[in-house]
Amino acid sequence: MTQAECVECGAEVSLHDDLEVGEIIDCGTCGAELEVIDVSPPVLDRAPELEEDWGE
Amino acid sequence: MTQAECVECGAEVSLHDDLEVGEIIDCGTCGAELEVIDVSPPVLDRAPELEEDWGE
Amino acid sequence: MSASPLTASVIGGSGFAGGELLRLLAGHPEFEITQATSRSYTNKTVGSVHPNLRSLDLRFSDPADLESVDVLFAATPHGVSMERIDAFLEAADTVVDLSADFRLPEADLYDEWYEGHDAPEYLERAEYALPEINRENLEGAELIAGGGCNATATILGLKPLVDEGILGPETGEVVVDVKVGSSEGGAGGGAASSHPERSGVVRPYAPISHRHEAEIGAYLGLDVSFTVHAVDMVRGASATCHVFPDGPVSKGDLWGAYRGAYEEEPFMRLVSGGGGVYRYPEPKAVAGTNAGEVGFELDPSNERVVVFSAIDNMMKGSAGQAVHAANVALGFEETAGLEFQGLHPVGSP
Amino acid sequence: MSASPLTASVIGGSGFAGGELLRLLAGHPEFEITQATSRSYTNKTVGSVHPNLRSLDLRFSDPADLESVDVLFAATPHGVSMERIDAFLEAADTVVDLSADFRLPEADLYDEWYEGHDAPEYLERAEYALPEINRENLEGAELIAGGGCNATATILGLKPLVDEGILGPETGEVVVDVKVGSSEGGAGGGAASSHPERSGVVRPYAPISHRHEAEIGAYLGLDVSFTVHAVDMVRGASATCHVFPDGPVSKGDLWGAYRGAYEEEPFMRLVSGGGGVYRYPEPKAVAGTNAGEVGFELDPSNERVVVFSAIDNMMKGSAGQAVHAANVALGFEETAGLEFQGLHPVGSP
Amino acid sequence: MSASPLTASVIGGSGFAGGELLRLLAGHPEFEITQATSRSYTNKTVGSVHPNLRSLDLRFSDPADLESVDVLFAATPHGVSMERIDAFLEAADTVVDLSADFRLPEADLYDEWYEGHDAPEYLERAEYALPEINRENLEGAELIAGGGCNATATILGLKPLVDEGILGPETGEVVVDVKVGSSEGGAGGGAASSHPERSGVVRPYAPISHRHEAEIGAYLGLDVSFTVHAVDMVRGASATCHVFPDGPVSKGDLWGAYRGAYEEEPFMRLVSGGGGVYRYPEPKAVAGTNAGEVGFELDPSNERVVVFSAIDNMMKGSAGQAVHAANVALGFEETAGLEFQGLHPVGSP
Amino acid sequence: MSASPLTASVIGGSGFAGGELLRLLAGHPEFEITQATSRSYTNKTVGSVHPNLRSLDLRFSDPADLESVDVLFAATPHGVSMERIDAFLEAADTVVDLSADFRLPEADLYDEWYEGHDAPEYLERAEYALPEINRENLEGAELIAGGGCNATATILGLKPLVDEGILGPETGEVVVDVKVGSSEGGAGGGAASSHPERSGVVRPYAPISHRHEAEIGAYLGLDVSFTVHAVDMVRGASATCHVFPDGPVSKGDLWGAYRGAYEEEPFMRLVSGGGGVYRYPEPKAVAGTNAGEVGFELDPSNERVVVFSAIDNMMKGSAGQAVHAANVALGFEETAGLEFQGLHPVGSP
């Protein structure tokens, strides 16, 4: 299992094997939603904010 | 405004003018969902139960 | 509104039922409040106890000093009114008592279910306050006895079946399973009604032998199997009655019974099936109002009728019922002062 | 009551604010309801959605077919009214919009805080609905824009300090910590507002950048540090404002400011200290009513003023405010249709 | 702990019952979690859905890709397991299914109460998960079917009476009045389970014909009159059973029946009378635990036995029962992973 | 587990914090309970007060008769321990006091914030119980002083900022707005904590001058603007801290500060943003556990840092913290007896 650094909080994020570009995973430390920008080596970026109406 | 009898509870249900066959309205007394079977004269029948999962 | 409103007093005005009476009377076109009593809060403003009544310009006075009024409402614990009934009737032309003191028609029943009665001679002068079952006798009544809240919910649910002969003393078991809110216990609750202990409960608080069985017996002629649970709401009483009629009964029979009984009643609503979220009676749909919701379902598997009934115990179950009865007794519009329709959405009132 | 009531319609009548409007208009002496719209419940009874309105003899109609009325109330999500404003103003002499669409005075602010504006030409014709800060301009207004509920609570709490010069744009940080109930999210909540997930929360739901900051900025002239928490109630918004005045301020100054501002206001109550259980503003004391409670405390240790403000978001925070504004605009009694005093005891309304 | 723990997977790991299974398995000395599936949250951390499991280093995977494990727990909606049962049994030595798919002993019953069955050949291989009534058959079982939560509460309450012959198919009506929390509906609730609509309810949600009647019939041999109410809690199921025995029964008989049945049971508690606040079974006393509380009262007036039974639907009513059954099936300590004692005070868990 | 567990007693075992201690100690591998005291329930079973502990075979004894134990936990009201501290230290090698009696480092502070101190000579021997800020001094400590729950929430939220120099005594106002559950008031609440009055509240209960300010001042070196609200939950304390750093600060700085402080801490969780329902700390996500959740957001508009912190007041805020400190003091595994992960879904615990 490879690792990448979370762009939000800096923690290590473990990545599964069949990672694909565009996939969204969450950081286990800060919960940030991260988009897979590249796979070899893996690069993560903050996923575009879901303009989810979160209860207001 | 015309009236019809609710098949569930027997109360009078007032019907709007542009009533159409197949429309579903609810009885104001018992709340039953009623299907418009005919329009002149208006005939109502119990609407097929929505198998709505109502919270279980 | 009449030219000059009647004067009214509330004995036990610092309690829950008393506060509700004050709210209703303050908004009632035919009444003006003369006196609200409390021993613990004498001279304090009514608003210091009941925050919704902050704009009411009234202070509590001592219940020992009764003023002369047209109507006296007593919302004191069981036992107080039977002791002071002479003084009450001297101070007022009409007395409406919300306690159990004059609810039961015979002294024997007080011996059986309570600790006897101090003034049994008044029992036959008293009229049961529920207009849906006693309207004709309320007109002109001088002593009115408010029903118990659980009894009220049960009686409203079952009366139409009794009247139609679907249910009677010979019918077999009637199970009444009640769920009530914490205001039923009054303002002076103990440890069991502290917030940490009382929150989130489904707690059997009267598994058997609840005193309201006496009232139900007296006014429906039925012995019911009665169990009350405390649940996490402040206002509300909900009775689920499981009835097993002797002979076959159809949904049409049931609708006939309930529509016949309640179609003309200003406060009764039939709620039974239909779509949406609110398909059967439930307390939060009537919270703050004097409405009673009744509905039913017919269980084809075992010929059971399940009747649901929901009221706000502070309203239809006590203060609202009292004002409704007073309206009938005094010839006012029945809904006077009781027009509030309730809220949607609403949480756990 | 006037000889002939005005006709009114409610667009978005199946929503939470729309349902509250229907309740208020049905009990209002000067209005009769002509139309309530819903796309999802067209032809269904209003009572099938709002169980408290079961006795209202009215069915939802399609919002595409607007009837001509005296007053149109729109309680639709942000964006709908700005698209249909021409049609609304054609159908009615007076339009009261509860959404954010006409709340902000300038189009720029919509670019900054929302996704721009479709009909900016109406912005200067619109009047902010809160009579406590805009009464004079409401008289005769044709387009009225209801305030946001959190903004309303905050503005009511801070306005007296601003007016007295105790607080101003130069003052330094003002922290506004808000707690709100679940009805604020409207009838169409998602996963976060399901009962299992939403029960019992103290959940930061808008830690920063809440859009109501724009309104507060526009009407108080202040940038506030604004954070909103969801708590376990259905109705209610409570704002705690922490203010650090530049110079020394006394309790006397504060009482002067608040009494001066609100003593004559029919819906405002000052609640600050005193004895008993209810010593400061709290939402359940105003639930179901159009009242706003405001109170304060002065922290001697650091010259902080803590201001508390509590409203029912469905009433003073939306539908009640709208009716109040309409009363002012049309020259009715300000409290017409808004007399309900609230309940005590009451749980979590 | 054994030298090497067994591997386990949870199908439907993002649901309420699945999350509870993950919590229990993560703390279980004999298991390690290999896989948790979800279609909607594939690749997300388990903690992003279940905040109590943030420290679990596990991501959801697709239920289409089953890994080989010792024990597979399925917590999917009714219908999923009966379709995938072959794949499940291929992937795992032991399958514990929490849905209704294998609960009923005969295919006929699925025709009557559900929409038939896809894999009826497995019905007789399946063992009902409740150790209190089926312990001996669970040992070594390969397919285990978790009971329904309302059925579990009812069966635990009535079984001792049936075993002692106090209650039987000939006895006459048994009324079972159930009160349940909102987690019973699972994570995907609709409008009726939104916080504003679901808060504060006492709502009849299954007045008649609830499917759990089938299970009760199958395992107790009784037709019961069954009505379920939604109340304002998230976890918990409480059944009040009103029983009318044919002949006279004493409190001694009842204590004998209940003590005989449950004295040795590790998770059953008799709670009946006594002093203090908690005198009868109630859900909040067992919240978060695998305990079942049972108690009773004898109504002298009409020879009624009232039986109260309370469980946490997420535990004894689903995930806890499943783990308990797995413990029995695999020869582990019965209480392994299920030691949590619950909380006091606790609100509305 | 050690060969022979240590003996422990709980003084004030019938209270809320005492009951929680009993629960934790009963499940702790290194302790066995010798004594639990109560004056009001002497000789009653522990389970008669704490229904979750019905299976504990223990009765309350009189606090006047202290038995000799290894560790004595005192969970009595403020003032009791300072009077009996000699007796406590004579009866036990280690004393863990949960009250405020030994929390503050200097006698002066007791004069300022309380009514002075009876045994000031012990103040410098006492160690503050929060391992996250005082771990090194706890090892081998003989007198441990549990922190206040609101102070604990605040200190956990702000400590990392202080340690990194982002926040200090010169920084300017820090507003701490706290929301707490009803168990904070202990088992003996009065009228304000009755269920009808306390349900559904957002009630300012300590607008200013809360005593926990003294603790925060002592351990963070900061004067904070502190306001506490009662909300409708039983367990939980949530602090929202509004901080205005002097210089610019980035999200990276903040993550650095918080990860640095808490990444290795067994009970601390960073929860900040992300998707799903639970994006920031909230009490129900930690209910029943010793976890502390901390998170933050940076307000770009005014350089405000908002810090959220959530604990269970009965656990991390009192009994859990005490056991954690004892584990550190005695060299046990830090998480021993504190492994419970909490529940999802869960209502209002």
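Just so it is clear, A, B, C, D, E and F label the chains in written order, and each chain counts residues from 1 on its own.
In the analysis below, contacts are C-beta pairs under 8 Å (C-beta built on N, C-alpha and C of every residue); 3 or more make two chains touch, one makes a residue touch a chain.
Going by UniProt, the chains are A, B = Lysine biosynthesis protein LysW.
As the structure is a prediction and not an experimental result, all values here were calculated from the model.
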Taking each chain's centre as the mean of its CA atoms, the one lying farthest from the centre of chain A is chain C
Compare the CA centroid of chain D with every other chain's and tell me the farthest one. E
Copies chain C and chain E touch via same or different residues, half shared test: same
Can you report the angle of the rotation that maps chain C onto chain D, using C-alpha atoms only, to the nearest 5 degrees? 180
Intercentroid distance (Cα basis), chain B paired with chain A, Å: 52
Can you work out the whole-Å distance between the CA centroids of chain C and chain F? 45
Hey, how far is the Cα centre of chain D from the one of chain F, in Å? 38
For chain E and chain F, let me know how many angstrom lie between their CA-based centres, rounded off. 35
Multi-partner residues of chain D (at least 2 other chains): 16, 44, 48, 54, 182-183, 187, 189, 191-193, 196, 198-200, 232-234, 277-278, 345-349
By the touch rule stated above, which residues of chain B touch at least two different other chains? 26, 31, 52, 54
Quick check on the complex: what are the chain A residues that touch chain F? 8-11, 26-27, 29-33, 50, 52, 54
Where on chain D is chain B touching in the complex? 43-45, 47-48, 54, 57, 59
Chain B partner, complex, touching residues on chain C are 251-252, 255-256, 259, 263, 270-276, 279
Of chain D, residues touching chain E in the complex: 16, 182-183, 187, 189, 191, 193-196, 198-200, 232, 234, 347-348
Residue ranges of chain D touching chain F (in the complex, touch as defined): 172-173, 175, 177, 179, 191-192, 196-197, 199-204, 207-209, 213, 223, 225, 227, 229, 231-233, 236, 238, 240, 242, 244, 277-284, 297-302, 304, 306, 308, 310, 345-349
